[in-house]
Amino acid sequence: MSVPDRLAEMTTVEAAEAVARGTIVVIPAGALEQHGPGMALGTDLVRAEAVVAQVAARLSGRVVVGPSIPVGVSPHHMAFPGTVTLTTGTFAAVVREYVTSLHSHGWTRFLVVTGHGGNNATLTTVAQDLLVSHPGIQLAWSPLTALAGDAVGALEPSAVHGHSGEAETAQMLHLAPHLVHTDRLEPGTTTPDQLDDVSRVARHHAQPALTLPYDRLSPNGVLGDPRRVTAEDGAAIVAAVVGRITTFLEEWLAA
Amino acid sequence: MSVPDRLAEMTTVEAAEAVARGTIVVIPAGALEQHGPGMALGTDLVRAEAVVAQVAARLSGRVVVGPSIPVGVSPHHMAFPGTVTLTTGTFAAVVREYVTSLHSHGWTRFLVVTGHGGNNATLTTVAQDLLVSHPGIQLAWSPLTALAGDAVGALEPSAVHGHSGEAETAQMLHLAPHLVHTDRLEPGTTTPDQLDDVSRVARHHAQPALTLPYDRLSPNGVLGDPRRVTAEDGAAIVAAVVGRITTFLEEWLAA
Amino acid sequence: MSVPDRLAEMTTVEAAEAVARGTIVVIPAGALEQHGPGMALGTDLVRAEAVVAQVAARLSGRVVVGPSIPVGVSPHHMAFPGTVTLTTGTFAAVVREYVTSLHSHGWTRFLVVTGHGGNNATLTTVAQDLLVSHPGIQLAWSPLTALAGDAVGALEPSAVHGHSGEAETAQMLHLAPHLVHTDRLEPGTTTPDQLDDVSRVARHHAQPALTLPYDRLSPNGVLGDPRRVTAEDGAAIVAAVVGRITTFLEEWLAA
Amino acid sequence: MSVPDRLAEMTTVEAAEAVARGTIVVIPAGALEQHGPGMALGTDLVRAEAVVAQVAARLSGRVVVGPSIPVGVSPHHMAFPGTVTLTTGTFAAVVREYVTSLHSHGWTRFLVVTGHGGNNATLTTVAQDLLVSHPGIQLAWSPLTALAGDAVGALEPSAVHGHSGEAETAQMLHLAPHLVHTDRLEPGTTTPDQLDDVSRVARHHAQPALTLPYDRLSPNGVLGDPRRVTAEDGAAIVAAVVGRITTFLEEWLAA
Amino acid sequence: MSVPDRLAEMTTVEAAEAVARGTIVVIPAGALEQHGPGMALGTDLVRAEAVVAQVAARLSGRVVVGPSIPVGVSPHHMAFPGTVTLTTGTFAAVVREYVTSLHSHGWTRFLVVTGHGGNNATLTTVAQDLLVSHPGIQLAWSPLTALAGDAVGALEPSAVHGHSGEAETAQMLHLAPHLVHTDRLEPGTTTPDQLDDVSRVARHHAQPALTLPYDRLSPNGVLGDPRRVTAEDGAAIVAAVVGRITTFLEEWLAA
Amino acid sequence: MSVPDRLAEMTTVEAAEAVARGTIVVIPAGALEQHGPGMALGTDLVRAEAVVAQVAARLSGRVVVGPSIPVGVSPHHMAFPGTVTLTTGTFAAVVREYVTSLHSHGWTRFLVVTGHGGNNATLTTVAQDLLVSHPGIQLAWSPLTALAGDAVGALEPSAVHGHSGEAETAQMLHLAPHLVHTDRLEPGTTTPDQLDDVSRVARHHAQPALTLPYDRLSPNGVLGDPRRVTAEDGAAIVAAVVGRITTFLEEWLAA
C-alpha cells in the first residue's frame, strides 16, 4: 500500500519518514459561513480541501496534507444564520499551534491554503510573529480564487461580484455539485447602484480599505449572480489555482 | 432533496429553519496524535465523526452536526512524530467560539462528542465558564469508549490497556479498516511490570491523578495489545456508544 | 525546634533544605461558595487544609505543605450570595505559577489536594500544558470525598446526594463543627423527582456530562440531607481520604 | 451565636444579610517570599491577616473579611529558595475576580490590605481598569508598615532598612513570635556603602524608581538589622496601622 | 484662534464639538525600523504624519487627527539594530483601544493611515473583530506608497524594489531631507539574481505569500537603489497619496 | 553632522554605535486626556518629550531617546470627551515590547519618563515582571512634577490641587504656551469642602489609596486653580525635574 499524503492517515512512523524526506506541510483552511440561499455553509473548506488534494496528488510524497481548519474568521457574515466565526486571535492561535507542533517534529515549511479571504490577514500576522518566536519556520499562505484572475475574468462577472457569486459558485458546481441548489440560486448585489452610500465608498476603493458587514453589502449575502456559471467555468478556475500552487511548491521544494 | 443534518452542508436558510425546530448541535472533536506503529494519526476524529453521523441518522432533523474540531489536546503524545496539539486555552477558545457563534443565531443546546480523552477536562472548563458568561447556553460533552464499558470488558483486554489498544483498534477495524495496518500492529505496554516506577504509581491510582507523557508509559505509544481484536468487537463498542448518546439526546430533546 | 512542614512557616534556608531532601509539595485548594443554609462558605478549603495537615503529619519531613488556594472554580454556585469564583483560566494560572515558581527552586513533584470538585478539570488542564512547557515537572491532583467511596456508601445517602449533603456535612462535623449550624441544616434535593426535566437528564447520565448551575439543581443549593450524619461518619470519611493520599505519596516518594 | 465577620465562616444566608447591611469587604493579601535566615516565608500574609482581624473586631458587623490572597508579586525575591510569585497579570486577575464576583452579589466597596509592598502597583492597576469595566465598584488598597511612619521612626532603624528589617521583624515578634527564630536573625545590608554601585543609585533615589532584585541589594535578603527590635516595638507599629485603617473605613462607611 | 485639527492640541471642550460635527478620526501609524545605512529609523511615522497633516489641512474641521502609533509590526527587520517591534496582538490592542475609547465619546468613523506595510494585516484583523464587538464602529485603513502606483512607476524603479528603495527615499527627500544622509545611501538588492533561492521564490510570487526576514532579502536592508531619486519624485508620490486619501474621506463624509 | 540623540532620527548603523557606547534609552510616555477647559489633551506627552529632550541635550551621546508612548492609562478621565485610554495590560505590553526589542540589540538600561501619573503603577509592574523574564534588563521610570516638590511648594498651590492645576499649567505656559488658552482657564476643585463625601475620604488619605474617576473629584476635571501661575513658575519646575533626572542618569551611567 502506498503511503498516504494526508497526515491524518499516516502512522507516526510514516510521519517521521515524511519529515526526513523534506516535505512541505500544506494545511487547508475554510470557513463556516453563509453562501447565500443556494449554496452550503461549508463551501470554503470544500474548495480548499479539494484544491489541496489535487496539489498533493501532483506532488505526492513531496508534500504532506496537514489537519484542516474548518472554521475561520467570518465576523462579517454573522448576521446570517449558521455562520460560525473565530476571533482573529483564536484563529491565529490554532494556526500557530498546528505549525509549531509540527515544527517540533522537524518540519520547517508550511503552506496554508485558505478557501476564505477573511482568513488572509490573520495568516499574515501569524507568519510575522513566527519570524521572531520561531525563526526556523517558513510559513506561506495562499488564497484560491485570487490566483485565477484570467479564468475569473473569462466569466465576465457582474460589475459587483465576489462572495458566493460567479467564481465561487462555478468552483462548487465543479467540485461539489450536491452542495449547490441551482433552483435556489439568486443574484445578490450586482451593480454599484444597489449599494448604500457607505458600501459604495467601500467597494469603490480597494484602498483605503473599509471593512463592512455583508448584510450591509447585500441583503441575501451574495455579491454577483451565481446563476450565470457552469461546472466547466469552475473547472477552469480550479485548474488555474491548482497549477499556480503546484508551481509555487515546486519552486520552494527546489530552493 | 432532504435537508442535510451537517451544518456545513446546509444553506443559511436551512440553518435558520434548524434553529426554529429546536435542534441540538452535536460537534465531533478529535485529535491528531500517534496511535502506535499500525494505526493512523487521525483515529480519534474518524471515530468521533462516525459515531456522530450514526447518532444524527437516528435523530435526523432533531440534531445538527456542527463543525468538527480535528486537533485536540495531546501534549502527552508530543514525543511521537506527527502529533499536533493545541494548548488547553486554545482548544477551549475554539469550542467556546463555535458555541457562542451558534448561540447568537438562537441555538441553546450543544453536545461535543470527543474521540479523545485528552479533551475531556478542557471541555468541562468551557462548560463551567459559560455558566457565567452565557447563562442561556447548555453545553454537554461525551466520550466514546468510556460509554461502552460492557462491550470493552467483553474483549478481555490486557491488564494494562487504553490508548491505541484493544478497544480503540477494534473500533477502527469496524469503522475505517483502511487506516489500520494489521501487519504493523504491535503490542505496547500490557502489564504493570513493564512500567517504570513512576508510571506504575500513576496507573495504580485512578485518583490521585498523575498525568504522564506517553513515551514514559509505553515505548511505542500503545497501551494494550491491538492484535487481539476484530471488526466485530468494534461494531459492538460503536453500537453501545451510539445507543448511549442517542438516548441521552432523546431525553434532552424531550426535557 | 523541629522544622515545620508548612512552607509558609519555613525560612528560606529551611526551604532550600526541603528541596535537597527530595520532598513533594502538597498544595491545598478550596473554594468559597455556598454550602446551603447551615454550613460555611469556606467549607472546601477547611477540609482540604485539614486533610493535607494530617497527611503531612504522617509524612513529616518528606512532604512540604505549599500555599493554599482559597478560591476555586465555582461558577455553578454564583446564584448564591457570598460565592466567589475564578475563571478557569485564572485558576489555572495560579496553580501553574505556584508550581513553576517552586520548580525554579528545584522541586519537581507536586500534588494539589482539592476540597472542591469544580477545580478538578482545570487541574488536569494545568498538568497537560506543563507536559510541554515544563517537562521536568510531575503534577498530580486529588479529590477528597471521591477517595472514600466505601465510607460514603456506609452513610446510605439520599438517592440524589452530593454538594453540601451527607458526606460533606459529616466531614465538617468532624473537622470544624463550629462551621456547621446544625439547627439550620435543611435537606435539599434528595430524589430525582424533585429535579426539573433537564436536571434529571443531567443527573441520570454521568456521561454524556451536562454542566448545570446549582440553583437549577436545588433551590437551597444542597443535594442530599445533611441532617442525617454525625461527626463519627465524617471521621471515617476523612480517615479513608487521608489513608489513600498518604499511600499514593509513599509510593511516589519511593518511585 | 454571633455572626462571623469572615466571609469564609458565613453561610450564604449570612452573606446576603451582610450585603444588605452595606458592609465593606476587606481582603488580606500577602506574599510567600524569603524573609531572611530567621523569619518565615509567610510573614506578609500573617501580618495582613492579623491586622485585618483587628480592624474587623473594631468594626464588627460593618465590614466583611474576604478571602485571603496568600501569594503575591515577588519576582524580586525569586533568587531565594521557597519564594513563590505570581506574575502581575495573574495577581491582578485574582483580585479582579474576587471583587467582581462579590460585586455580582451586591457589594460595591472593597479594601485590599496588603502585607507586601510588591503588590501595591498591581492593586492600583486593578482599581484603574475597574473604573471603566465596572464603574459601580470602589476599590481601595492599603499597605501596612507605611502607615506607621512615626512608630517606625521611633525604632531608629538602620540607614538602609526595609524588607525583613527592623519594622517587619518587630511586627512578627508581636503577632507571631513562633515564626521568628531570634537565634538565627542576622543583619543584612544596613549602610549604603555595603551596596554595589547600581543598588546605591537605586536606593539613593526614591524617584526615578529603579527596580532591582533583592539578591543584588542584600546577600541574605535582609535590609536593616532585625536583631535590634522587640515585640513591644511591633505592637506600636501594629496599633498605628490598625488605627489608620479603621479610621479610613469609618470615614468611608459614613460617606 | 482657529480650532486645531490634532486631537492632542484640542481641549476636551473642542473634542466634544468635533464629535458633534460628525468628524472622522484619522490616526497616523508608523514603525521604528531599519531603513538602510542612509535613512532614519523613524521614516515610516514621519511620512504617515506628514501625509495625514496635509489631508487634514485640506479637510480642516471635518477630520480630527488622532494620536500617532510610533511603533508598528516589524519582526522582519529585527536583525537590524534599532528596530523596535510590537507583536501583532499588542499592535492590535493599541489600535482597538484608541478606537473604542474615542467611540465611547461618540465618534463612529476611523481611518488609520500607516506608513508601514507590516501593519496592514493587523489593521484588517482589528476591523474584523470590531464588526462583532462594536458594530457601531466603521474602521478603515490606508497604506501610503501603494496608493501612488503611477508616480512610483514613473521612477522606473529597480527590478527588485521596495523597502527603503526608490519610492520611500524620494518621499523622505521631499518631506524630511534632514533624515536622509545622501552620502550614505547605498543600493540594496536590485535584481532577482542577487536573492537566494528561497527569497527569489518569495519575490516571484505575490501569492502564495511567503513572509521572510529582511536580512535574508538584502544584506543592508534595502530593496532597490535609493540614490536614483529626487525630492521632486517624492513630491509627486506624496501628492498622489494625499489626493487619494482626501477623495476617499470626502466620499465617506458625504455618505 | 552630529549624531542625533533620538532613535527615530538615527540610522540602523548609528543605533548599533549607540549600543556599543553603553547608552541608556530614555522613553517619553504621555497620555491623551482632558486637561480642563483651557489646556490641550496632549499636555502630558508635550511635557515628557520636552523634559527628555532637555535631559538628552545635557547628556548627549550618553543617552538615546527612544520612541514615545503617546497614550497612557487614563480610565479616570474617560467621562471627559477626547480622552483615550489603554488598559493597563496593553500599556504594559507596549512598554515591555519596546524594551525587549531594544534589549535584543544589546541595550540593557531603560528609563521611562512619564508625564502622566496614571502610568506609574503599570510601569512598576512591567519592571517587576521583567526581573524574571529578562534578568539582563534594568528598567527605571520617573514622574515629572513629583520630582520638583520645592518648586511646586513655592507656588503656594490651592488646598486641593493636582491634575491640570497650578503646577501642570505652569509647566505648559513655559514649554508650550500655544496649548494653554489662558482666557479659558478655570479653577476646578480647590478646597476639600467642594468634594463629595467619598472624594473627601479619598483625598484625605494618601493611603489607604482609593482610586476615583475625575468627574467625581471635579466637574471640570481640574484640581487647583490654573489661573494663578506664570511661565516662570513653570520654568522653575522644569529645571528642577530636568536636574533630578539628569543627576540620576549620570549616577547610573557611572555605576
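Read from first to last, the chains carry the letters A, B, C, D, E and F; within each, the first residue is number 1.
Criterion: a contact is a pair of C-beta atoms (placed from the backbone, for glycine too) under 8 Å apart; a residue touches a chain by one contact, two chains touch by 3 or more.
Every value quoted in this text rests on a predicted model; they were computed, and no experiment measured them.
Number of steps on the shortest path from subunit A to subunit D, with steps defined by chain touch: 3. For the touching copies subunit A and subunit B, the fraction of interface residue numbers used by both exceeds half; the interface is of the same-residue type.
Mean C-alpha position of subunit D lies 28 Å from that of subunit F. Note on chain placement: the centre of subunit B and the centre of subunit F lie 55 Å apart, centres being C-alpha means.
Annotation: 48 Å between the Cα-based centres of subunit A and subunit F. In subunit E, 78, 85, 87, 89 are the positions where the chain touches two or more neighbouring chains simultaneously.
Chain contact topology: the protein chains form a single closed ring, every chain touching exactly two others.
Taken in ring order from subunit B, whose neighbour in the chosen direction is subunit C, the chains follow as B, C, D, F, E, A. Interface residues of subunit A, counted against subunit B in their complex, comprise 1, 6-16, 18-19, 32, 34-42, 45-46, 66-71, 78, 80-87, 89-90, 93-94, 97-98, 101-102, 104-106, 179, 181, 184, 221.
Residues 73, 75-76, 78, 85, 87-89, 92, 111, 118, 120-122, 124-125, 127-129, 131-132, 135, 138-143, 146-147, 196-198, 200-202, 204-205, 207-213, 244-245, 248, 251-252, 254-255 of subunit D are the ones touching subunit F in the complex.
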